[in-house]
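Look for chain A in each of the two complexes below; its partner is chain B in the first and chain C in the second.
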Partner chain A sequence: MYRYDEFDATLVGERVAQFRGQVERRLSGALSEEQFKPLRLMNGLYLQLHAYMLRVAVPYGTLSSRQMRKLAYVARKYDKGYGHFTTRQNIQYNWPALVDVPDILDDLAEVEMHAIQTSGNCIRNVTSDQYAGAAADEVEDPRIWCEVIRQWSTFHPEFTYLPRKFKIAVTASQNDRAAIRLHDIGLRIHKNDAGETGFEVIVGGGLGRTPYIGHTIREFLPKKHLLSYLEAVLRVYNLEGRRDNLYKARIKILVNAGGVEKFTDLVEAEWTAIRKSEIDLPTEEIERIRAYFTPPDFEDLPAESAVLEQKRKGEAAFARWLRVNTVAHKTPGYAIVNISLKPVGGIPGDISDVQMEAVADLAAQYSQDEIRATHEQNLVLPHVKKDDLYVVWQALTVQDLATPNIRLVSDIIACPGLDYCTLANTRSIPIAQRISERFSDLEQQEDIGELKIKISGCINACGHHHVGHIGILGVDKKGEEFYQITLGGSGAEDASLGEIVGRGLSSGDAVGAVEKLVHYYRNNRQDNERFIDTYRRLGADPFKEALYAAA
Partner chain B sequence: MKAITGNRLSDGAVVYLRDDDQWATQRGEAARFDDDDVAPVLRAAQLRVREITDAYIIDITADGAPSGRAIIRETIRGAGPTVRGDLGLQAECCA
Partner chain C sequence: MPLLKLFGSDLVPALEEPLQEVSLEDWCDNPQAHADATALVIENDIGVEHIAEDLSSFGIIILMFPTFKDGRAYSQARLLRERFGYTGEIRARGDVLRDQALFMVRCGFDAFEFAGDDAFAASTALAELSFAYQPASDRAEPVWRRRLDRPAAA
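Up next, the complex of A and B:
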């Protein structure tokens, strides 16, 4: 996994010391809030509805048990005993006091963590496939390239004041678990016809008030040129991106306003000019980084586990969890375990200090000390022996972390909404809670199959509603919360933007609406169609009718 | 009617300006102003940069409850997250 070198340790140490001074000057009145705000945001510190909020980076979603224990410690010592995993694989604390934040950052630095690149108009913390390094379907471990990008982008002097924030996601699988088509830049590692691996470069995706699916501007970029090509894209954006209008400042607007061909030409011209310079990493440096991600020493195991099979037959609940929450590992005898942070009636992404420590213990004992955060607000133990799955399931069950609902109707993405967020117009979490309660029957959930519900409490779309199979957007109408339903979105390899289906609904009706839509789908699906497949086959009209028809 | 609110600088807690010019965490203690009188009070409050941040005016009823367009937001701000009754001021009042 990633590790600090002496540069990182120095950078982070200096940054925390600087911020400590800035906080002291703010408290003394030497700095005004206007002067202080950009400084605190550069250190991941926001002011939310009830308190400050500190967003801590989890580079490409990878955590060690030591780091997870520290996150638990911070939650307990400085916050209110919990944290919230976000759609960018980061963790947020909702109640830190300003006066404590320098100490929190010092504590995090002890385990090579920080809040850099979690706010501001810079290149943000890079995200990736949560199964990286473990997935049976990946070409190679994408985190090597995430780490290359992390080192290049951290405090990049030219890209510290971009027109707007900039998000990069990397995957190495055909099955897109990193939402690469919805990022400012999405990178997909794949093999070309000659058998070489390189990047498909996708630019200009994004959600918010003007959603776009990204455009592929290069089908195949040799890996060694990654940084010069990224630099070319960023340079074009930095120069040409709009700074006069906050809502038109993201790269998606630049790409789509002038057309993707024009944008591509600008990038290629810039790349031609700079590609011979020394931006690209020398091979030995890439190999040095690759060594960080040397796979763990997997045991030579039979593909199937007799212990597991015996338990599977004996316990239906365990069998269900295996079916729903575990995924094929690239190594025989191992599995990937998804930890659901979506219990029935729970708050998506929230995890207590005690749960964090339990996850850390399980990772240390059973998953090669590795944990992953997912953009769908869950956690992963990436390398669990099939022989150990039963014990892991039991331990997770005790902690209420074994809800077998990954990818199902109650595995909902929801932004914090008006319960916490100062930008929100409406609440999101209560809608997620009511839906998960309404669909609490596990057998029914499994029968419904993959169904991605995503909920945002405002048009900024942190809850990814545009790309939910069913998306729900909260809108405020004269002090009342209403919810707009969109259908047919997807954030995966079949990325698409959902379509608004009609007038907004009250919170109670929104939950009922999901039920009606699911009911219609179950009555009209063919074979093994998912909800989204049936929707795409039949179109919006029958679903609209099912939704708005008089009861 | 109007009241003045903001977040306490040291910890971000939601506070309201009282009649005695101190900051209270209970909205019920907030000083109430006529619509025409509140602007200079806000300007004065905003100068108290060592105590609070992000001060602004809210609409309240004569009883001190939030009203107007931001009613949900100000209700939640004053009480705590509706999904965590154990957190925020709502937890303190009934402990």
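Up next, the complex of A and C:
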């Protein structure tokens, strides 16, 4: 993985010193909260319902065991012993004191971590495929380009006061695990007919109050032009994006208001003017970065492991975990291990300091020292030998990190909701907890198959409800919490936006509603259809009827 | 509202000379009527390309920050410098604060009508980050170029 050189380290250190000064000016009263707000946000510090919240960047979701241990240390020393992995592959601490934040950032800088641009109207932490570098289906490791973008976007002088926040995601696989069609810019690395690799550039996707699927504005951008092309998109957005209305300020509104052709013309014209400039990196620098992502020294192993096969036959629980939580690795004899942060009745994405230490130990011993955070609020050990899977499973089980539910009904994305957030109308976490309790039967979950439930506690859609196979949106009606169900969304390569199926339900009925929908699906699915496939085949009406008839 | 100008890498207080200002719109309507103007004011919702032909008529261009959060003038300044080759003064006016000064300098601003009373700390703010990852309108060498220039590790 990427390691800082003296330039990266100096900049992060200076940024902490700068923020320390800004915190001092705030504490002394020299800065008003209004003046301090954009400065703290640019350093990942929010003021939530009960306390400050610090969002720490995990660039493109990649962590070393040393970094994970530091995250555990921060949770223990400055917080209440836990952290929360988010839908943007970041980690949040919910209870830091303002006065401690510069010290936390100093501690994080020791392990090449920071909170830079994890909030504010700037280019945010770039996200990627959690299986990057391990996936059997990727064209190349997308993290090389994520790191290129990280450096270019860090402290970009022109794009730090954009109309609104700006999120970029990169994948190198047909199977989209990074939700690239739902980002301000999504980049898909692929090969053209001539066999060259380049980027499909997708712009204007997003969730929130007004969800849009992104538009492809360029099918194939040669890789060497990535940064000049991004700079052209950002400049058009910075100059033309709306600033009169917070809710219409994202690039998706600009792209869709004037039409994608007009927007594309503006970008291409801007790019023509700047493409010969020095924005694009020279080959030497790209190769320097690429070298950090050289695959680890994998052993030459047989594709199948005798140890594994023996244990699989002997222990049904292990066999289930293998089926559900592990994924094919590109190297024979290895597997990708998903660590579920969704135990039955748990808070999606939460992890204790003890669990973090355990994951760090496992990564150091069994996964080439690498850990990934996923946008579905789980973790990954990307490079585990099949021979080691049984001991890894045992160790994860002890820590309650082996719930075999990846992609299943209880692998729920939920925003923090009214338990933490100042924007929320309703709670999200308790709904997720109750659904996972209702579907705690593992055999039943596996039979139901892939089913993505996503819960947002308000229309800002941080829980991605628009792209849930079943989405749940909390709304406040005269002081009472109601939940609206949407069906048919997807954040993957078959991206689609869910549609609202009917009137809102009470929190008790919302959990029952999921049960009714699942029941209907199981009785009407064909062959190996997933929930979303059955929904797409049959349409909304029979599901609506199942949900509301005879209620 | 102290006026500071960039000299080298420092911001120093400057004498506020009376300016004869004209807005870009008025200038475009009737340049002859504003022949004695010394400074051009461009609002941040107007494309700077409209003045490309006449840039040499002005020694000072004033760009606006209605609030510090409205960052359009960063792009306007870069376009004036990098696309249209403007070499005169580019002055930031409005909600101009020390914590934004470094990025303004990087985008080509060299004069600042500071809104707050923290103007004199602004020079310090310019030195808070030693390197830049990306090229802009200042002459800061991007980090990748410094890396290329560094002697290879033994």
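Just so we're on the same page, the second predicted complex is superposed on the first by the 550 of 551 C-alpha atoms of A that agree within 3 Å, B and C clash if a C-alpha of one lies under 4 Å from a C-alpha of the other, contacts with A are read in each partner's own complex, and residues count from 1 in each chain.
Everything below uses one rule, namely that a contact is a pair of C-beta atoms (placed from the backbone, for glycine too) under 8 Å apart; a residue touches a chain by one contact, two chains touch by 3 or more.
This one's a predicted model, so the numbers in the text were calculated from it and none came from an experiment.
K.L.:
Please indicate which partner A:L162 is in contact with in the superposed arrangement: first for chain B, second for chain C, both, or neither.
P.N.:
In the superposition, A:L162 contacts chain C only.
K.L.:
In the overlay, answer first, second, both or neither for which of chain B and chain C A:A273 touches.
P.N.:
Only chain C is touched by A:A273; chain B is not.
K.L.:
Name the contact category of A:T210: first (chain B only), second (chain C only), both, or neither.
P.N.:
neither
K.L.:
Contacts for A:E33 in the overlay, against chain B (first) and chain C (second): which applies, first, second, both or neither?
P.N.:
A:E33: touches chain B, not chain C.
K.L.:
Report for A:Q365: first if it touches chain B alone, second if chain C alone, otherwise both or neither.
P.N.:
Neither partner.
K.L.:
Figure out whether A:T197 sits in contact with chain B (first) or chain C (second), or with both, or with neither.
P.N.:
Once the two structures are laid over each other on A, A:T197 reaches no partner at all.
K.L.:
Identify which of chain B and chain C touches the larger number of residues of chain A.
P.N.:
For chain A, the partner with the higher number of touched residues is C.
K.L.:
Just chain B (first), just chain C (second), both, or neither: which does A:N256 touch?
P.N.:
neither
K.L.:
Does chain B (first) or chain C (second) touch A:L11, or do both, or does neither?
P.N.:
The second partner, chain C, only.
K.L.:
Can you name the residues of chain B that touch chain A in the complex?
P.N.:
Going by the criterion above, the answer is residues 7, 9-14, 49-50, 53-54, 68-73, 76-77, 80-84, 87-88.
K.L.:
Using the touch definition from the top, list the residues of chain C that touch chain A in their complex.
P.N.:
47, 68-72, 74-76, 78, 82-83, 97, 99-100, 102-104, 106-107, 118, 128-136, 142-144, 146-148
K.L.:
Across the complex, what residues on chain A touch chain B?
P.N.:
26-29, 32-33, 47-52, 80, 95, 97-99, 347, 418-420, 426-427, 429-430, 433, 476, 478-481
K.L.:
Which positions of chain A touch chain C when the two form their complex?
P.N.:
For chain A paired with chain C, touching residues are 5, 7-8, 10-11, 14-15, 17-18, 22, 30, 35, 38-39, 121, 151-152, 154-162, 227, 235, 238-239, 243, 273, 277-279, 281-282, 284-285, 288.
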